[in-house]
Structure formats: C-alpha cells, structure tokens
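In this document, chain identifiers A, B and C correspond to the written order of the chains, with residue numbering beginning at 1 in each.
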Amino acid sequence: MTSLFEYAPALESRSIVDLRPSYGLFVDGEFTEGTGTPFTTLNPATEEVLSEVATASDADVDRAVRAARRAFVKTWGPMRPADRGKYLFRIARLLQERAREFAVLETLDNGKPIRESRDVDVPLAAAHFFYHAGWADKLEHAGLGPAPRPLGVAGQVIPWNFPLMMLAWKIAPALATGNTVVLKPAETTPLTALLFAEVCQQADLPPGVVNIVTGAGETGRAVISHPDVDKVAFTGSTEVGRSIARTVAGTHKRLTLELGGKAANIVFDDAPVDQAVEGIVRGIFFNQGHVCCAGSRLLVQESVHDEVVAALQRRIGTLRVGDPLDKNTDLGAINSAEQLARIRELTAFGETEGATCWQPEGDLPARGYWFKPTVFTGVSSAHRIARDEVFGPVLSVLTFRTPDEAVAKANNSTYGLSAGVWSEKGSRILSITSKLRAGVVWANTFNEFDPTSPFGGYKQSGYGREGGRQGLAAYLRGDA
Amino acid sequence: MTYVLDPDALAGGEAPVGGPAGTPPDPFADVTRSDAAFRAFLHGLPGVDAVGAQQRTAVLGTRSIKTTAKAWAIDTAISMVDLTTLEGSDTPGKVRSLAAKARRPDPEDPACPAVAAVCVYGDLAGVAKEALAGTGIKVAAVATAFPSGRASRAVKLADVRDAVANGADEIDMVIDRGAFLAGRYLDVYEEIVAVKEACGPAHLKVILETGELVTLDNARRASWLAMLAGGDFIKTSTGKISPAATLPVCLVMLEAVRDFRAATGRQVGVKPAGGIKTTKDAVKHLVLINETVGEDWLSPDWFRLGASSLLNDLLLQRQKLRTGHYSGPDHVSVD
Amino acid sequence: MSDRLTVRKTYKLYVNGAFPRSESGRTYEVTDARGHFLANAAWASRKDARDAVVAARGAFAKWSAATAYNRGQVLYRVAEVMEGRAAQFAEEVAAGEGLSSSKARAEVDAAIDRWVWYAGWTDKLAAVLGSTNPVAGPYFGFSMPEPTGVVAVLAPQRSSLLGLVSVLAPVLAGGNTAVVVSSKGRPLPAITLGEVLATSDVPGGVVNLLTGDAAEIGPWLAEHADVDAVDLAGTAGPLAMELERSAAGTVKRVLRAPAEEPDWSGDPGLSRLRPFLETKSVWHPIGL
C-alpha cells in the first residue's frame, strides 16, 4: 500500500538485549547445564537463530522439583507473608525497570509487534506481580477460611503466545500464596522466562523458589507427572490439557487448566459500529490471533452484515503487517513454521467447505513465518473454521437474526472461554451476557485483561481462574 | 441505522449530488421535512462508544513518525495551519504581522511552505486580505456572533455578509449550541443553510463547539447536521472553550465525513481547532486522517489545523530535522 | 399388630419428574444392615443414565436462570416436605445403615437441616464468591458465580441420606441440575427423597435419581459429553481414578472423593459449592 503519508521504518533497537549464544536451566537459584539435547530458538520474523537453549531431562526436572521442595520447606514456606509480598513487589519493579529489554526480547523470540509486547505483555506481567504481591499477607481475606495454606510445589507449563505474561499469571499467584514453582516455558519462546530468572536473582529471591526448566513436550510431561509436585497449572491446547488431566487423575495433585477457545463476538444492529469494527479487529488480530480468547467467530446481525463486513475490510486494509520490531507494526509474525502450517491447513478447509476467503492486498516479508489477516464470510456453524481453534489471524463471519439465535450460535461450541457482545442497549447487553456460557464476556470492548479480573473458561476451555481473589483458590488449601 | 457505511468509502469522491438550496443531498433529501423526522434521523446514527474511540486514538497516538515521514508530516501540517488570532486586543498591525508570518513562516528557510489561511475576526478581514494579496493564502473570518453565537439571526447574517464584503474567503461560523442541546435541530440546520447562502462564494466552516456538546454522540449528530446543511468544513471548536479539539472528537468527525461522502458523494473537510500546540499533536492528527479516512483528506483543501502557537513548534521541529540540532524560541518569530 | 396385608411399594427410578422403571427391566435386592431383604430396587442401566442426562440438560436453562431467592425457597420447601416424612426416612436409614432409631432420626434431622442451610446459601453466593473488579482502565468489571451445568453425582455408599443430601443440595443450590447414582447397597432413602422432590417444588429434571451401581453407570456418566462435572463422593480406589481419567476426555470438573467417606455431620463450608460454580467475568466501558 503506497500512500502519500508513508511511515518511515521506526525500529526499536535490539541493542538493549544481551542475547547469549546459549542458555541453561535455572534451578535452585543458579543457571545450570541441562542434560537433555539442547534446542535452538528462532526469531520467527526472520528465521534467524537467536540462541541455543538447554533441554531439561527427567533428572533435571527432578533436581528442580527437589530444589522447589527444599525452598518450600525451608525458606519460602516459613517466611513471613509480608516478606514474600516484598519479594514480589521487587520483582514487579524490576520488570518495570527492565521493561524495554523484556519487550524487545519477547518480540524477537515470539514475533509479536513491539507495540504489543511494550504496551500489553510486559506492563501486564508487572501488574500481575504487583497485584499478587499485595495478597501475600492478606490471604485470610481470600474467602478460603481463616488460615489458608499453600499446596507446596507447583508445576507450571505455559504456552508460546504470551510467554512472559503467562509466566506472570502462573508464578505471581503461586508465590504470593506461599508455593514454590517449577515452570516450563514453551519450546519456541523460552528466552523471556530465562531473563525473568535473572530478575529473580536480581531480586535476591531465595534459591529454589522459582525454577525454570526449558525443553519440549517431554520436559513438560516430566514436570506434571513428577510425584512430588502438588499442583499442576497448564495453559495451552485443549488436547494437551486433556492428557494432563488424565495424567493427574488419581493423584493428590490439584489441577487448573486454561485451554482453547473459539469465542463468538456478537455484533447487534444497534452497535456502536466504528468501535465494534475496532473490537473485531482487536479481537482476532491482536497478537496475530494467537490468543486463546480470540474473537474468532464474528456473529453479526444479518441486517447489518454487509455494512459491517465492508467496514471491517476497509479497516483491515490499514493494518500494518511486517517487522515486529517496527513500532508501527500492527500484525507480526506467526510464531512457528508448525503453527503456520496449521493455520494454512485450516484455512484451506475453509475454502473447500465453501466459505469465501478475503485478504487485503500487499506483500508479506520473504523470510520468516507470515500469514495475512484473513476474513471468511459465508461461514456456517457446521464449517470447521467455525468450530476448530485456528489460533491465527483468521476470522469466520456468521450471521444471526434474533438475540436468541445469537446466543444459541455463540454457545454452540465445545469451548467456553470468552465472548464479546456489541450493542448500545444496556438491558440487551446484560441479558446476552448472562446467557453466554463463557468465562469472560467483553461487552462493547474485547481482549482486555487485568490482574484483578478472574480469567478462565467454561466447558472444554478448562477450569480454575487466574487473577482476582477467585484466582487464589487454585493455589491454596482452605477450610471454607 | 448503519447504511451510512459503505465499502467504497475510501474511493475518490464523485460529483457532488446537491439538492435545491436548503435541501439536503440525496439520499437524505427528506430528513429535514420536520423536527421529528430530523431528530429521528440524527438519533438513528450509530452510537459512539467513548472509551473505544479514546482507545483507538490512543493506539494511533503511539505511531512513531520518524525521519522522512516526519519531515513530510511537518511540512504538510504547516501547509494546513489556519494561523489564528481571535483576541479583543487584535489590531491591524497584529494582523499584518501574522500575515507576514503566514507567507513565510520560517524567515531563514524559503523552502518552508506557507500556511493555508489566516483566521481573524470579520472586521479585520480586509486588513488580512490586503496583506495576503497574491499569495494564495486564504482569509478566514469568524462570524455569527463568534464565539457564543448568542445573537439574533439577523445580526449573525449581517456579521457574515460584512466579513465576506471585507474580503473573507472562508467563514467560520458557530452553531447555536443552545438550540442543539435543546433538541431544536431544525433551527440549527436552517441557520446554517441561511449562513451558507449569505456566504455567497466564500467557503463555510461550521464550528460545532464540541466542548459544549460534551458527548461524542452529539459530535457525530452535529457533524451530520452541518454537512446536510451544506457546510464545506466541520470544525471542532472556537478555541474559547475547553476542551477544544481532542483526538476522539476529531476521529468521530473524520468518520462522519467519510460516511457522508460514501452516502452522498460530497466530500467535506475537517478542522480541529484549539489545544493543538505541539508538533506531536499535529502529527497525531495526520496519522488519524491517514488511518481513518485515507489520503484523500491529507491536503489543506480538506483538512486544517486551527492554531496559533502550533506553528512555532512545527518550525522548531522543522529546524531540528534540517540542521540536526535542537533549536530555540529565539529562532522563530514572536507573533 | 394389625393382620392387614400391607401394600408393598415398587421402587423405581426418579427421572425427569417421573418414576420410570429401569429401561433394562432389571432390579436388585436391597437388604438391611443384617442382610434381611428389604425391597427390590430398580437397577439403573447406562440408558437410564442417558435419559437422566437428557432430562437434567433440559431442566438446566430454567433452573439456572431462576432467581436465587426462588431457588432458596424451592430448597427450603424440600426440607419442609422431608420433615413430614421424617419417620419414614428414619426407618429406612435405621434399617439400611444399622443405626438405632434415635441415631437414625438424628441423621434425618441433620439431612433436613442441611437443605435449610443450603437454601439459605443460594442468594449469598454471588456476594461471597463474586466481585467487582477494580481494573486499571475505564471499565466496569464484575465477576459472578454461575452454575457449571449438569453434574453427575455418585452419592456416598455409607451415609445413605445425610451423605446423599450433603452432596446433592450444594449442586442444586448453585443452580446446577443433577444426575445422582445412589448408594448401591442403601438406596431406599434416595428413592424416598425422589418422592419428596416430586411432591415439592423442584422442577422435573432438576434432580434425577438412579439406584444402582456407580461402578457400572459411573463410566458412562464420566465419559458423557453432555455432563459438565462429576462428584466422585461414592467411589474410591481404582474406580475413582478410572472415572477421573474418563472425565478428562471432555475436561469435566471433578470433585475427588476423600480417602475415606467423611463424617457428613460437619460444617461443609463452601467446599462442595465451589467445585460446581464457574466464574464469569464481565467488562463494560465506562464512558459518556
């Protein structure tokens, strides 16, 4: 798209990040070698190798769990709750101080636009620590009885879409409630977790309280199946979530799962249209659509379908796709070749099933993993692109005629993580909101997050909440 | 009622489809047939969610405009400035001095573009006209009992005729906010139609004074009302009321001109005025145009910045880009 | 003693507000604690479980949307109706559990009181478990508890009435509907409870009571894609683990059974309400 007003490249400098050629595991307060075969992590925007990262074997995971147990028994568990809180406040501040470094590293490793890592991921990660820090010495007010107790060692496995933010969502509540942690970041995005380990050192967090074990699925399995882990928390696909639930069955381990989604974003004919279009864009193109709560099914009232789709296409035409480090980029790279292949496969289904595919004009970068923002119209509830989670920048547009039909179609999913509803009519908003079977409902907005707001799914989108007072229950044993 | 949206809204404007004088263009020819009909129309426009609008402009505000893009933006912004003085203490001398600056904003750099217009009170329009003769810089005069608009229609129309007779190329009128807020939309409409007629060949900018209309819903309705009545530009503010031009208001007005052109084929300009003081503010407005309505509005014919102190900041930034070091207030002229 | 020939009752299932026999036609012998024959109970099959799930799902929309006040009154009404049949319950508990009549009566009283306790919870849950969320932006955010959906309850095997009520009432108080598999060996109080529910104000389908074997029906319920949660109270050991594994296939919420069946007389707190409540967080902009 050439225009009168071409924005010159506005690249965020990489120099703030000190990338090391290789990274080890973080166990018991130290960076150590892993005994598994190391793997490389790429910049998905360029396919450039960023670094080599250790793989934690079963033995390494065992070492990490033991370190976590020791810390739980000897330091972190007995510590004055107020002091635990102070460590978390320290971490929050350090994340803020090193925000630019984290943002650049996240963008390099993940492919997301620097605007998002800078304005969303990193600030929210810091906010999660700040929020939970305050809980550490107030847990008797969490509604779980007068003396809730931590569970012990938490084994946590997180995905690649929000590497640092998911880490914060996992580690902050676990530590605030007095647990210790063994966390496995995703194979394609381990770097900010390892930088976070440095922050733990910088904060003088006692050794073993946080342990980071990198690796692929095998390492994750070792973490969740370790017998001395008391609590398993997982964010990722529903398929893996099911297998984790099977693994944990019959043990003493407590489990929370935050899994996939196929959120409906419902637009009524009385919606504030310009903001609804923004919300649709934000709903599906935020983070390249690599969002479990993405508004991937647009349910638009038939009477305004054409206008909304036209306005949406016009707006998508202004999205800036390209170098994630450019501060003006709206849509970055797909995180991995594997994910790109999955997006391609599912969109191919969309076309063979008879939906109409639309993409804006313009070229994609030659190297790296890229996918254009894509809109399918003429989608029916029976199509795979209306049922399967694409986890990419692909929107399916369906229509409805009445509020009841909107609710029925919105709920017609095995998922139930989130939903959106757009209308200027207050009573309609409240009615639809109460009928949607989803854990988060954004009314006249979308994809907003906050540590005070519990997040999590209904149905096969998982169970347990992260954030808010409700989120503490996942890490505490209470009497009430 | 969202039919105002159209897939081709960004396409080039077609020939204006005008009804008879005082009649809105098709397909809205009958919406002013009665107060009730007009009210139904204006209240049927899509609502504006203020938080969403704010959020959109905040994100656009993070656009990083550097090097060549910044240079282009600064020159474009300068060329869009309606250099304004609207003080009780204005004198012919002050206006001449402003006109000199308008012609050659940066005395040290002849390559610096001239501004779009000089904006003054009607009685000084003649002074401005004379000082700007042969430059192509327009003379804009505020009229209609600016800034409050609290005078009889006869006085307002006389004010307009006087300014036009003094040589004003453009008339910046104020709408009757009292009537608007009281729901007498047809009165407001008819007054604009009458002013437009009194303007003769002069272009009409309609000041909505959005700071007094308060809500973005009102800003959208007033925009449509002014466009239907024949305004050539819609303008946010007099500059005498705070808040004046804000990015969300400008966003809503840009959406309105975009949708209006899509529906009627007639392109209307937008002028935020008041409160735009820095280059950063001006660039944010250009980004807003670029990503809301596109480059068709990226010209002084369709977008103006009503300002006074802004120009000096644009010049300082321009000098910085040109010379590579920071400039200072003594390197731009005092108005 | 009268020489009148008694009219014996045929024990049936309670599904969708009606009292069907098992579609399988099967029955099994119920004996008292000392092994003396008490009655023949319907032996529910997987198809009965299937029908019960359909009934529970059908009843969910209305029951979950009822006002909390209304649900409270309905549960309180169950206590009222039970009170009138306390003697019958006591007799069944005494026979089934081998308790003295006074102890059995105490169990019944505690069971009735439990309904009252949960009746009082329905309109407190939102205040206690919900929240307004002070998010860092111009949004009003609130979170509210909502029922999970259809809950399969495998009732305790030993405590045939108090245990049963202790697991069923919280499921209902939260707005869920239930498919209950009673104690296999001591099903009579469950059957009588079905009659109480049928004559109280609980809408048909909200509670479905199956008598039979949790080991046989449980797996069908744990795997059933239209069941949202499972309470494993009446299971133990390998069966409990197997059911939990099955439930994982559809990401069901699972409330595990304690290692040993607890003393049901203690204050349950929120421990049996929370597992069957979801939290929904809602955001809306605050603007003019």
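Please note the rule applied: a contact is a pair of C-beta atoms (placed from the backbone, for glycine too) under 8 Å apart; a residue touches a chain by one contact, two chains touch by 3 or more.
Computed from a predicted model, the values in this text were never measured in an experiment.
Taken as a graph of touching chains, this assembly is fully connected, with contact between every pair of chains. Of the two interfaces, A-B and B-C, the higher number of touching C-beta pairs belongs to A-B. If each chain is reduced to the centroid of its CA atoms, chain A and chain C end up 36 Å from each other.
Distance from the chain A centre to the chain B centre is 43 Å, each centre being the mean of its Cα atoms. Mean C-alpha position of chain B lies 68 Å from that of chain C. Within chain A, residues 444-445 each touch two or more of the remaining chains.
Listed for chain B are residues 49, 51-52, each touching two or more other chains.
Multi-chain contact residues of chain C (touching two or more other chains): 139, 285. Per the touch definition, chain A reaches chain B in the complex via residues 3-10, 115, 119, 269-275, 278-279, 304, 306-308, 310-311, 313-314, 318, 327-328, 424, 444-445. Contacts from chain A toward chain C in the complex involve residues 127, 143, 145, 238, 241-243, 245-246, 249-250, 257, 259, 414, 429, 433-434, 436-445, 448, 450, 452-456, 458-463, 465, 468-470, 473, 479-480.
The residues of chain C lying in touch with chain A in their complex are 65, 128-129, 131, 133-137, 139, 141, 143, 148-149, 228, 240-241, 244-245, 247-251, 253-254, 269-271, 274, 278-285.
Every residue of chain C that touches chain B in the complex is listed here, in rising order: 138-139, 285-288.
Note for the complex: chain B touches chain C at residues 49-52, 54, 214-216.
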